[in-house]
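The following blocks contain the structures, represented as structure tokens.
Same chain, two partners: subunit A is paired with subunit B first, then with subunit C.
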Partner chain A sequence: MDALLTSAVAGLTAGGTYALLGVCAVFTYRLVSVVNFTGAAIGTAGTFALIALTEAGYPTWPSVLAGILVGTFVGVAIGTIMTRWFAESSASTKAAVTVALLVGLIAVGLRLTGGQHPHVMPELFPGSAFRLAGVEVTIASVLTIGLAVLFTVLSDLFLNRTRVGLHLRALSDRPMAAELLGVKVQLLSLLVWGLTGAFTTFALMIIAPQRSPNFMTLSLLVVPALAAALVGLFRSFWLTLAGGILLGVIEGMASTVDSISQYRSAIPFLVVLAVLLWSQREARWDDAR
Partner chain B sequence: MSRFVISDLSVNRAELPVVSKVSLVAESGAISVLLGANGAGKTTLLEGLSGIIPVAGGRIELDGREIHKARPGLRSREGLAHVEQGRTVFRQLTTEENLKVGLSREAEMAQAYDLFPELVQRRAVRAGLLSGGEQQMLVIARALLTRPKVLLIDEMSAGLAPVIVTRLMNAVRRLADEGLAILLVEQFAALALSIGDRAYVMRRGRIVHDGECKALARTPDELHRLYLGTEAA
Partner chain C sequence: MTRASLRASLALVAALAVGGAAVVGLLPSYWVFLATSVLITGVALQSLGLVAGRTGMIALCQMSFAGVGAWTVGYLNLAEAPGDLAVWILLGGLAAVPFGVAIGLPALRLRGINLAIVTLSFATAFDTILATITYPGQTTFLQVPRPALFDSDGSYFVFVQIVYAVIAVALEFLARSRLGASWLAVRHSERAAAAHGVSIAASKLSAFAISAFTAGISGGLLAGYLGTLVAENFSMMASLSLYAVAVMTGAHFAEGAIIGGLLVVMFPEILRRFDLPQDIGNVLFAIGATQALSTGETMSETFRRLARKLRPARRTKAADATGASLPQPAAQAAPVALEIDDLSVRYGSVVALDHVNLKVLAGTVAGLIGPNGAGKSTFIDAVAGFLHAYEGSVKLAGAALEGRPAHLRARAGVRRTWQTNRIAPELTVGGYLNLAAKGLTESEIAAILGWLDCPDPEVPVTTVDAGTRRLLDVAGVVAARPAVVLLDEPAAGQSHEESVRLGQRIAQIPKLFGSAVLLVEHDMDLVRSVCSEITVLDFGKVIASGPPAKVLGEPAVKKAYLGIEEESVAA
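Showing the complex of A and B:
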């Protein structure tokens, strides 16, 4: 029982990251209508910029800042491609484009970072924050969940209380109608891509030491992130947050059960399947009537 | 006094020419009515004017400034507003939020409510829940708050009850009397000609008539002939 609790608490760090990546995915989908498969890869690019700088001997915190800037820049670059050439495309076309971009980013990233070549990722927040039911809760766990909650709260406030947020909501509803009213559509879209790039980069910097710091592994964190976003049906920030944390905790607990621990990476797929079946139940019942 | 001049404008859709070498003028204080049968190219022309579709040739000038290469947002900031057909409200935003999206620094919300007092009671209601007439009032009022010099209005009467259409037409006339230049695309030809000043008729992407609204309103047979092109038969 203790082992299960310990693993569940250990899963909070991953859960916080899934939650933040998921909330960023919802933010991008709601505001620029893109199911973004490159979210984690953008953060990974920034994280590897940090690794490269620290390996070259630069101090940690300026390197963190530089890494976040790289993540923001890559996010804006992807956003530029999407807004310049695919703004009027269907949601499925946009999603397909981000899958293609993900493949491209992983290929370039693996090439630049030496593939499976081992890297030393500095642990930004080592140590324990507090004990919960006799189990150590790491600072990284608290921070990733805190960051996810902060992003969720800020997103809500930003969208509902500011003029730029109002413009973003209008943009997400009818981009052309918003542009015809003088809303700076391209600039705002790039702001969304830049902001999510910065947040995902920081989240991945926190979680990277606990994962294999390999470009592909980190980039594919987009799978649990999109599973979390699906829990919120790509609309609710709070449900996505809860979904992400729950996913991390379940994954952590699964690691203690020998018979299923090697399949725990499949848990997001099960969640996706369950949510899709649940969300389609009304249509199925309607068809059956 | 604002002057909106379109010279030899051509607009393509999917690389097919839909509007060919159209020239027309809209001036402050006047309503220019653009008539024509379905498929004549009226909506495509308006979309080319506001920048939704890039123009294939010709010039668009607003107060002497060429704007035909600018993006829609920049054309809006230059003073061109486009009320699209289909009542393009932001469905998830309230009436008041819809108005705020277009609100320029020089404009006040009161202007919108003064033009359409019906919207005051509906200010906190999601725009997607408004009636068709209220939605049309909202998109016109929203465009007005961008402080335009020229207002392009596309098929505002489509699907609305005659009493609402009359209400909207009167509001458009009022906006022109207050100094706006208006280019009105309308299916209800008789009603549009009754409030308009200058009439243009389009057929197969070209302007085939340019004259006064009153004169055209007095000769329905001529209007019918212009719509259908029976002189060619």
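Showing the complex of A and C:
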């Protein structure tokens, strides 16, 4: 029992990261109606900027800042492609574009970072925050979950309590119409891309030491992130948050059971399958066609 | 249909034979080896083209399906199963089918994006699972033997080529079949497809199943090609980049799959010769796919468009109906074709239809009229099964339709048209009729098209003008010869002369096709000339019904249409 609790708590850092990435995915979907497959890859780019700088001997914290800037920049760059050429495209075309961009990003990323070549990722927040029922809870996990909760609260407030948020919600499918209402859609979209880029970068920096820091592995964290977003049906931030944390905890627990620990990256797949089958109990037609 | 398939298939087989002979006869063995790889990738791309190109979904685990096929072949080899590689490859393809169906299930009712997430997570899961259980015989370096006849690299190329040709021809026939048409229709509009009696679930699942099968075959071919495999051959990245290539070249076209295969295999080869890093290929595929998505045109479509420009422009032929006869009309089973009792529909607090009663007698044309927003289209939606819920009963020839989804109502004999045209533009005119009505002969199709002055069956729908597409809609529903045809404003956007001609045709429908007609229309001349009974709706209520002359004279009807009392007009 104790071992199970320990491993569940050990999964919290990952859970917090999945939750944050998931909430960012929902945020992007609700504001610019893009299901973003490049989410984690954007953060990975920033993380590797940090690794490159620290490996070159620069001090840690300025490098973190520079890394976040790089992540923000990559996010904005992808956002520019999406808003310039695909603003009026269907949601499924937009998703297909981000898949294509993911292929390109990973290829460029692997090239620049030397493929499977091992890198040293500085642990930004070592040590434990407090003990819970005799189990150490790490600062990293408190931080990722805290960040995820913060982003959830902010997104919820922005979308439900501000005028611009309301406008954008009403019109996310029709950027042209929002533009006519005087909302600066282009600028806001880029802001969304930049903001999610910055947050995911920071989250990935925290989780990177736990994973093999290789450009592809980190970019593919988008899978649990989208699984979490599906738990929230790409609508609810709070359900997404819960889904992400739960995914991390289940993964953590699975890692202690020898017979299934090797298969734990199949967990997001099972969650996705279950959520989709559950959510489509009632028949519905594709939107308005 | 079959004639066109045969022609295309023969062209394809001839091209493959000539190309294959050139490869084997002229190229050094190393290039023959590479060409084999091109064809195997081509098979995988064809499987992807079916899902991504035809049904328009994002599928990101095609190499995992290939992995299932390859793993099965490896396992059968290890277990020293009877038969040779050809049999094992077939079994490998079949082994991939349940995976395809299981993954397709969650995407049945929701659109493409969910499938993208499911498939991507499956690809990740498969990656780790394959890395853990390893490829059968990987540790003992057990080679998968090739068939005795095709043991050398040169002859194995011929083997792969035969498999490629068989799959390409089979897919060509499928694409032109009713099932293939249903994929395009579902992609374009699920509702319109269901209105033709197409089961959306069956259509999508069959696409997934066939796609997984084909991908599994490509994996089996790869096993024979390389002898031993590792998990890396079927990595998620391979699936992702295959998707990018499929989007870029248009893998559902025969040439798209080959061009894609060439790009995937030759690009790294060329880069290697120039001492350039080989992963640049993926960057270019990403750019190419993004470009194709932004213009909405794949490489194959660009080539086809340019090729069409080179050819002399053909005038759109009208269907030639000489000597062709219309299909037998449907038997009229009951005196009342359609009977609606107390039909009510509510959207929240808004009452769209309020206790509507209506009868359509067999062998007649009835009219349903009313001002905009009166609930006419809601009525059709309810009868045809496109609403979640309604109160009251809908009986077709005496049998209640409640509880039956749209596609089953369509099969039972309720066919409808739409106010906006929903014909998938990728279809040909004949393909559309084949989708709408199962089992018509070519001469019957020609006869129906000729009867409505529609274009020749071979004409692609993209080149048909909007007005004629509305006629095509009518042609589709009558071709199925259902018990009842619901026509939703068929004359909208037609000129007066066209509308008169259309009226004459509609009046003939009961006699020629055996179907009763319910006509929703704003064109009062048309309604007056063809309908024997009309019903007038206003704000969801029936305000009058009876013979046209009587009903159109009623003050309440005039008021509903003009918004004023008759007296004040006179005053």
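General remarks:
Operating definition for what follows: the second predicted complex is superposed on the first by the 272 of 289 C-alpha atoms of A that agree within 3 Å, B and C clash if a C-alpha of one lies under 4 Å from a C-alpha of the other, contacts with A are read in each partner's own complex, and residues count from 1 in each chain.
Note that a contact is a pair of C-beta atoms (placed from the backbone, for glycine too) under 8 Å apart; a residue touches a chain by one contact, two chains touch by 3 or more.
Bear in mind the structure is a predicted one, so any value in this text is a computation, not a measurement.
Subunit A is touched at more residues by one of its partners, and among subunit B and subunit C that partner is C.
Once the two complexes are overlaid on the shared chain, A:L101 sits against subunit C while remaining clear of subunit B.
By the touch criterion defined above, A:L157 lies against neither subunit B nor subunit C after alignment on the C-alpha atoms of chain A. When the shared chain is aligned, subunit C comes close enough to touch A:A91, but subunit B does not. Using the contact criterion defined above for the overlaid structures, shared-chain residue A:V120 touches neither subunit B nor subunit C, since it reaches no partner.
Of the two partner chains, subunit B is the only one that A:L181 touches; subunit C does not reach it. With both structures placed on the common chain, the touch criterion links A:H167 to subunit B but leaves subunit C unconnected. Of the two partner chains placed by superposition, A:L132 touches none, neither subunit B nor subunit C.
Looking at the shared chain after the overlay, A:L226 reaches subunit C, while subunit B stays out of its contact range.
In the superposition on the C-alpha atoms of chain A, no part of subunit A is touched by subunit B in one complex and by subunit C in the other.
The residues of subunit C lying in touch with subunit A in their complex are 56-58, 60, 102, 105-114, 116-118, 120-122, 124-125, 127-129, 132, 188-192, 236-237, 240-241, 243-244, 247, 277, 279-283, 285-287, 289-290, 293-294, 386, 388, 405, 422.
Residues of subunit A touching subunit C in their complex: 35, 37, 81, 85-86, 89, 91-93, 95-97, 99-108, 110-111, 216, 220, 222-223, 226-227, 230, 262-263, 265-266, 268-270, 272-273, 276-277, 279-280, 282-287, 289.
Subunit B makes touch with subunit A in their complex at residues 50, 52, 71-73, 76-77, 81-82, 84, 88, 90-93, 97-98, 100-102, 104, 142-143, 146.
Within the complex formed with subunit B, the subunit A residues making contact are 163, 166-167, 169-170, 173-174, 176-185.
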